[in-house]
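Here you go, one structure.
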Amino acid sequence: MSVLDIVATAMIAMGLFFFLGGAIGILRFPDFYSRLHPAGKLDTMGQFAAMIGMAIYLLNDLSLGSVLTALKILLIVVFVFITSPTATHAIVDAGVRAGLAPWTKESREGRR
Amino acid sequence: MRAFALITVLMVGGLLFYGLPDFPDWGDPASPASTHLSPFYIEQGAADTHAPNVVTAVLAYYRGYDTMFEAAVIFSAGLACFFLLRTFRQKSIETRLYRHLPTGVTLRIEEGGKTPEGSDEFEPIDSHWVPYDMIINLTCRLIVPFVQLFALYVIAHGHYSPGGGFQGGVLFGAAIILYAISTDLRTAFKRLQEKAVMLLSALGVLIYAGTGVVCLVLGGNFLDYSFLAGILGVDAVMARSHGILIIEIGVGLAVMAVMVMLYYNLSSAGRHDEGL
Amino acid sequence: MIWPVDLIIMLLVMICGIGAIMVRDLLGAAILFGAYSFLMCLVYAIMGAVDVAFTEASVGAGVSAVFFVAAVFHTSRRTKD
Amino acid sequence: MQSIFLYAGVFLACIMVLSLYRAVFGPTVLDRLIGVNAIGSKTTTLLILIGLIYERVDMFVDIALAYATLNFIAVLAASRYFQKKKGLYDEAEGR
Amino acid sequence: MANTKPDNTVDYQAFSPFKPFEPPTPPEKSPLPYVFTFCVCMITWLVLSGKFDFFHIALGIVSSAIVTATSGDMLLKARRIAGLPGAWLRFIAYVPWLLFEIFRANMHVMRLVFHPRMMDLIDPRMIRFQTRLDNEMARFIFANSITLTPGTITVYVSILGKYTVHAIDRASGQGLPGEMEDRVGAIVGE
């Protein structure tokens, strides 16, 4: 294994860790608004880390084709960084407009 | 009734499972499908059409007649949606709302429901209107050109990579749908009118069938692109490659126009007001 | 064919399909059908049918989900049975 | 390296089960939407991983790019349903 | 019925300090946005295509021309051309800082996710504040940066620049607008 392989493996492992955090966060958080936090941030970061790792792995053999493929993966990353916050914003805006009440600490203590 | 449906589903499913062992194994080299026809396509495809992607060669050259009718089916689906849903009669509107464009304030204009004379600062909006959302709007403005370019890339590179006319057309239509979602339907009409959509969908099928007819006139079989060599000025193999590209463009045009037409009619229930 | 990934994705496809039938809300069913298309695209990609996967991704996941939502928007969200 | 990618793919597919739980059993439609969005982002990564396993990344990267786009369009259309001031719950349920 | 207005927690039509009416400036007829779009499309095509023979580059020129003709005025508005290269350079300088902030934010949310007593730590709340950024693009970058960084999601940005933000706990909401607004403002040169 070369140095690039080790770096790529570490990046992919980090991405998978973030993905795991996102999935568990979506399950654990109490209401819709707070579930969006792991869904919007951790998934973006996981995608970013894993894809950068794979692009680094592709640079092992420096040919024109592999460099262009790595650039395409970078294009996906840029795409995700523009669209993912917007999708999160669209979902939360839809929730507010639909009149979904946010979960707050007071509401939980009031129920006790 | 539900019990009857359940029994029917179970019986049909049981019959299907009963017939399952008669199929050849997954990827079996001795199966009938992969003894005669598939080797021919795989061996001859690249040599005949100069297209490394065998699927494109099969779809657009060997089975071009099938694909032509697939495009025709999509075109007729678009036509059916148009005839079923489109309404031309103006319904009487109970409330007239207008948006003042420079400030974004929503107004209701009483007197006859008309905007002031000679003013183009007002646009009519529906009773259920969507407020101007800057983030979604800007994002779509940023990514729509790239989606369109990617769609054209998919159409043009069907020979080498996955994709082709159908997928590229759907992507191009999706870009226009994205623009229509992010603003509203009336703004999308300014870029791509309904008449243009109808004409483009017919033009796509016409390009496909017309290529076949041109081949027929030049003395070959229907959709035998090697006879286009005289017109295009290349040898027969490259002529087949270029012929595949031409009909991919036709399929892409037809699919794109039909997708946009379906969206226009479905999202506004045929009234073409503001849409989804 | 990579069988461990394939097995899990097949299981997910089954859960997703059954869920899309069982959900009473039609909008939820449309959204679940989008997820079903995503997963079917993965199955095709694992089997090596790249063109079919591309078609499924573009038609099934993207455009047909939009059409379903638009249709539900103008009709009712409730199933009859 | 191939085995690492294979393990990563299996792990990612297992994570998708967790997201699918939210998509199938989510209490409201918007929770399902979050789950489907999460599934979409994981699928984009998994497609490139599959490409790396098969050593044909140039084929799969196009699908992943199309996928990232269309996932966004579907989510935007579904959220637009609620932005048009339609209620979160069914009209017939009377809530 | 569907017509009943849901009780929103956010006031969407907040047009409080009403601006004096200015007639909309007609968009300048400048070829610059089209040239810019064509160049960007051509570069993207070369990256996507990977084939540099004459035929494919000609296809790329035709495709870029089609995209420029249909949506050439989307990427840039003509009015915003002034100071463009400097803004791009400053934006590239902003990205590493943003990536570091995103990484910190993820660690914060990660700690919340795996914390056993998570329910006691989180305290979701809505925060409203007024920005001083005037440029639409700057507001857009600011809103998306807020969504990507510590425990905050942009819910709505009104036309007059009033932000509504959902924060997951008390600490993450306090830093707004703060340093990030200054940095975003520096991009567009305010």
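For reference, chains read A, B, C, D and E in written order, and residue numbers begin at 1 within each chain.
As a convention for this text, a contact is a pair of C-beta atoms (placed from the backbone, for glycine too) under 8 Å apart; a residue touches a chain by one contact, two chains touch by 3 or more.
Everything quoted here is computed from the prediction, not taken from an experiment.
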Review point. So which chains count as neighbours of both chain A and chain C?
Key: B, D
Study note, to complete from the structure: Quick note, more Cb pairs in contact for A-E or A-D? It is A-D
Point to revise | Chain at the geometric heart of the assembly (C-alpha centres) | key: D
Point to revise | Cα-centroid distance, chain B relative to chain C, in whole angstrom | key: 19
**Study point:** Between chain D and chain B, distance of the C-alpha-averaged centres to the nearest whole Å
**Key:** 23
Revision key, fill the gap. Here the gap between chain C and chain E, centre to centre from mean Cα coordinates and rounded to Å, is 31
Exercise for review: Could you check chain E for residues that touch two or more other chains and list them?
Suggested key: 6, 44, 48, 50, 143-144, 154, 156
Revision key, fill the gap. Touching at least 2 other chains, the residues of chain A are 22, 24, 36, 44, 65, 72, 75, 79, 82-83, 85-86, 89-90, 93, 97-99
Practice item. Name the residues of chain B that each touch 2 or more other chains. Key: 133, 135-136, 139, 142-143, 146, 150, 154, 162-163, 167, 171, 174, 177, 181, 276
Practice item. Would you tell me which residues of chain D are touching chain A in their complex? Key: 1, 4-5, 8, 11-12, 15-16, 18-19, 21-22, 28, 30-31, 33-35, 37-38, 41-42, 44-45, 48-49, 52, 57-58, 61-62, 64-65, 68-69, 71-72, 75-76, 79-83, 85-88
Point to revise | Residue ranges of chain B in contact with chain A within the complex | key: 133, 135-136, 139, 142-143, 146
**Study point:** Touching residues (chain side chain B, partner chain D) in the complex
**Key:** 128, 130, 133, 136, 143, 147, 150, 154, 161-163, 167, 171, 174, 177-178, 181-182, 276
Point to revise | chain C contact footprint on chain B (complex, rising order) | key: 26, 53, 55-56, 154, 162-164, 166-167, 170-171, 173-174, 177, 181, 259, 262-263, 266-267, 269, 276
Check your understanding: Which residues, counting only chain C, touch chain B once they are in their complex?
Key -> 1, 50-51, 53-55, 58-59, 62-63, 66-67, 69-71, 73-74
